[in-house]
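Just so it is clear, A, B, C, D, E and F label the chains in written order, and each chain counts residues from 1 on its own.
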């Protein structure tokens, strides 16, 4: 079996993180998994949702919104506001992003504030939801470092990193990190979210008008574990680079982004 | 560890199916998993969605809608139409139900018609989504038998049965078929959809502000397999009973339902 | 003139009440008028609407919601949330149900709480609005008895029972309690709501692209009066049975409902 | 008992019709019942609703929309579009207006066109729904006369006139045509729609947290009959005046309206 | 070049103001620019928007809503609530009306209250937005005079009058106050809002699939200045007349309005 | 008077165009006016709106959508879909963008297709609407060049370029291209859209609770003319660069964008 882009079955696409693309957010990053690109931003609001106050829940909150920009798809995608309702798929994905990142944030230690994670897909080529979780976690890390630098937090409520990756059964073979042509033709589609210490946070596996066996599942989970292990290293580099950027190189990065 | 209702860790709650509760549907059933009760109805529309016609996709379609009746929860749940938008969780669940049942239906063999699966929760005590899949499949089987009896189909497009069940980590132990108190306190929540031949259709596992290990996952999947195996037997009995009902006992059942 | 189901012009369809079908509601009943079946639930909220607080109105409130389940009709009825707005007819009916039951409840004596009456039509065969009022009143009575049993109320704010019934001009003859085929072909359609002591609460009479005379109106009101008189007796039996059920037979009823 | 504005119990408020207030409509009238003023317009669309084409129903259609302008009430009423949904009361009233006028229009003879009746309340002082029916019928008559004058119809599909009037029990007495202070304090509120030949089209009677007897009902219906009889005479004069206006006096009327 | 209605290029259409057409508003006027007629009402709410309280902004607020009645156009215009969203053009116009009138009101001196300006177009023949600003200002003046008469304000927060007028390039010529046929065929469309002392408040000029030169712009602005100068005189007369009306002639005006 | 960023009164901020940021669009550009950054994309749909077909209008259409990303503002901006309706300001701006670009496109020569211009603000620092028009025009030019290269068009329907720029009265002085702090404190705000040959397409000038004189207006228009003249040169360079990019350097640009 040969993959459409000739990758090995266990190879990730090139992954990169361009930090600080949205300077008005507290933390932001443009994450790329091959041709899938998502703007992930973390904005801090110094307040908590009404239900937390009402139910007297201590600490903070973290919530996510996911959106495909109209020009991110091969055929233009109508905006939600034009259709008048949020896309069911988007609603499902943003709930997943929020749950995944909340699993590694100590909400009590966050203080009475809300972290808004916004994920806007600039270009969709498969795996946008796992790229959003991966990039969203980096944006959160950058934002939290800024809160610490600003003296608003003493220590990080981010217990460890979290990353998402897809795996699937494509032409009867388990493969890692599917791009759009693979995703479209895969008989099984897995999205796996794991922590830095390689425990699971979330598993979503779905046969597309097909079923799958326990063996296939094991193979996909094994690939996912390998993938997350590699991704976490890249996340750490990106977070470190963003912090250095704050110490002086921000202008350089902005220039690079604005003028190539 | 003792479960709140004293069940063994691998024991299902009492499961029952009362067929034909909504006689205007083509097939219907009231499914109970303990105190969780869901009205599942399958209505046949002799038409397909516009996108299928537009894209010239052959065959039929199957779609699901999931809704919690306002009095199904301990505290009254506001109707979606009052809030003005569909609940994110409901939207996610109905997509899952549709995908799960489509995995066992040969849409091409269905002919140019749509099966609408409606799942309205009458009483919620944990596991409403898996009960909906389980009951929805029974409603579909009854409806298809009726289409065959009416001469509209020659053979069944339902390739095999599908059932859903939950498992979770409750007090550090893997348990099967969580009721609401268990679900609320579980650290990990799994929903598993499997076919009659015990292949997977869908797996959704989520750590609620917690993570889980590969071993815990295996234990939950093992329990789920045992559970689905038992549920499928009950589904078959219910479908057979409903068919006999159609041959004459419908009035009896309706009377029982209406007047106890 | 012979009626489609051979009833006498002044005969009701078989009417029954199955209490406690929705155990999470404070009071509930499945009411049947022939093949018309409606789930009626009364849920108590220990709060009042904002406008009452704002305008400093004393006492409690009672409000109703009416909804046809998608599979209740011969052709599947789209959910309101899918259309994006509440059905005009449903909106009108739920206002009628609320007004009718408020007419027999002493809101001041209810205390600062809201009674939510939810009426979900399981099967529609004519007369769903009057069945909803009739069943809704029984659900309220059961809920209030529970509030009294729980020590939350000392005496009942339900001053007397209220019931609804339809009458119409079918093939030039006044008939009582129209089923769907009669309703569809009737030239005049009356819905009458009366109290236990046979005073009027609400009259809605409408010529469907036709008019009616004072004599026809008198005949329909006479039939309605006879009908309500009979219905009230059945309501009283049902309320008494539900109360006894609470004293021990609940499991029996639930079993009957769940397993026939 | 003395009425707030000293009228006899069976006296109507001053009623007037100012035709052609909205010249872009096919027919229009500003109807006044005392201080209740409603702009009623009938616009002809040379098409029928999609459901009529789909179900192959012959002839035309007539539908009504009712709306209270924000400044029509003592306290400013928020527009429906701001609240995001149509007011339940408005929805109910516009259905009533449509049914009432359809009862006197031969839809088959109308041809394949739709009559839109728009009723916008300029000032509300009780009885806006019956004023809307009364004025809406005049607007329809004017529009139909124009269709005949334009050669689009050979004879009128308006079989006879229809009018609406309110009656109620105020201070234990049956009174005709309640203004707002009477309406607010009435224990029973009746809206009656009758044709020119004094048959009933629609009766809606409602006890506001009260009940009413058969005797009270008879008294209110008797008053209503007297009222409609008087109103129909005024409608006929208004229709005749509008027609003459079309023959030349339109400019005069417009001038009067615009500059008093 | 001859204008469709034979006016001089710098001539306004006949302009009139009929005050107090909506007596439940604090101030109201029916403004006519030729066949363009708009009901303008100013309602006082003794409260300010939430954001002002939240941000602790002193003083009052003024906001406008603009709406075309369905029968105001040659072809019936669907209501916003039926479409489910506010018309983009209406939204833009009501923001313009609000800004324009706020420019001449000292919001601090208004006290903690909100002026709602409602502009409902009864007949549209070009220039409805500038007629709305012009009439809206008169309605505000009447309302403020009433607040002063009622002792709620000591002096007027209305610093001077404001008026709107349109100009355009029609058949290559700059013309003033375009009616609908001119507006439809104009290559450039200007809306100008000026104060009593002939300073600008707002200029909106737009080439309709065309561009315009600086010279053309100057010509249109010159015409607009002339127009506003004339309009302000009429506004002053109308405000004075409305005040006198309050002193006794209200009944006369209402009679004229109601019965011509 | 010194400007907050020390610019001369007639100086633009640094302006740049990064083409092809959204490769799934037919043409795209990230436009920067100082710290204001907008993603502008032009997507071609091979169809026209329903109203054009219905009214049998020949040629194509061009429409624009404008949206502020939630993290583009100093305080997070709620998404339109969360509020349930499109922002009034956004609606107004997208209408302006569409009109402005349609003024320079020969829609008949475009063929039966729609150009969708999407403008998503990544960072807002004043002047987002004029940046959107300026960048939108570049995206259209790139898209049209691609249509020509693909043989879908023979010659360009883009008659000339169009650009937008702001001017205003800041501390009593006319200044060009206001950033956010200037915009917030300006007493007058002008947005000017001009073509390459320096004719006007659109002028919108608004006194923010202030008025302005004819002299001030002239000064602002003079500055705008100078600004547009400079911007058009930059637009031309960007379009040329994007075309060369298509001939080979696309990968380089994408790399630069993705990895800096």
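One rule holds in what follows: a residue touches a chain if its C-beta (ideal position, glycine included) is under 8 Å from a C-beta of that chain, and two chains touch if they have at least 3 such contacts.
Please read all numbers here as calculations on a predicted model, not as lab measurements.
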Listing by label each chain that touches subunit B and subunit D gives C
Which chains sit in contact with both members of the pair subunit D and subunit E? none
Just grab the chain with the largest centre-to-centre distance to subunit C, centres being mean Cα coordinates. F
Decide which interface, A-F or C-D, involves more C-beta pairs in contact, and give its chain pair. A-F
Rounding to the nearest 5 degrees, give the angle of the rotation that lays the CA atoms of subunit B over those of subunit F. 120
Can you name the chain that lies farthest from subunit B, using the mean of each chain's Cα atoms as its centre? E
Fraction-based call for subunit C against subunit B, same above half, different below: same
Could you work out how far the Cα centre of subunit E sits from that of subunit F, in whole Å? 31
Chain centres from averaged Cα atoms put subunit B and subunit E apart, in whole Å, by 59
Taking each chain's centre as the mean position of its Cα atoms, how many Å separate subunit A from subunit E? 51
So which bits of subunit C are touching at least two other chains? 84-86
Work through the pairs of chains, note which ones touch, and then classify the graph as line, ring, star, complete or other. ring
So that subunit C leads and subunit D is second, what is the order of every chain round the ring? C, D, E, F, A, B
Residues on subunit F engaged by subunit A in the complex (per definition of touch): 16, 18, 21-25, 28, 30, 32, 35, 37, 39, 41, 43, 45, 65, 67, 69-74, 76, 79-82, 85-86, 116, 118, 120, 122-124, 252-253, 256-260
Residues of subunit C that touch subunit D when the two form their complex: 85-86, 88-89, 91-92, 94-95, 99, 102-103, 107, 195, 199-214, 217, 221
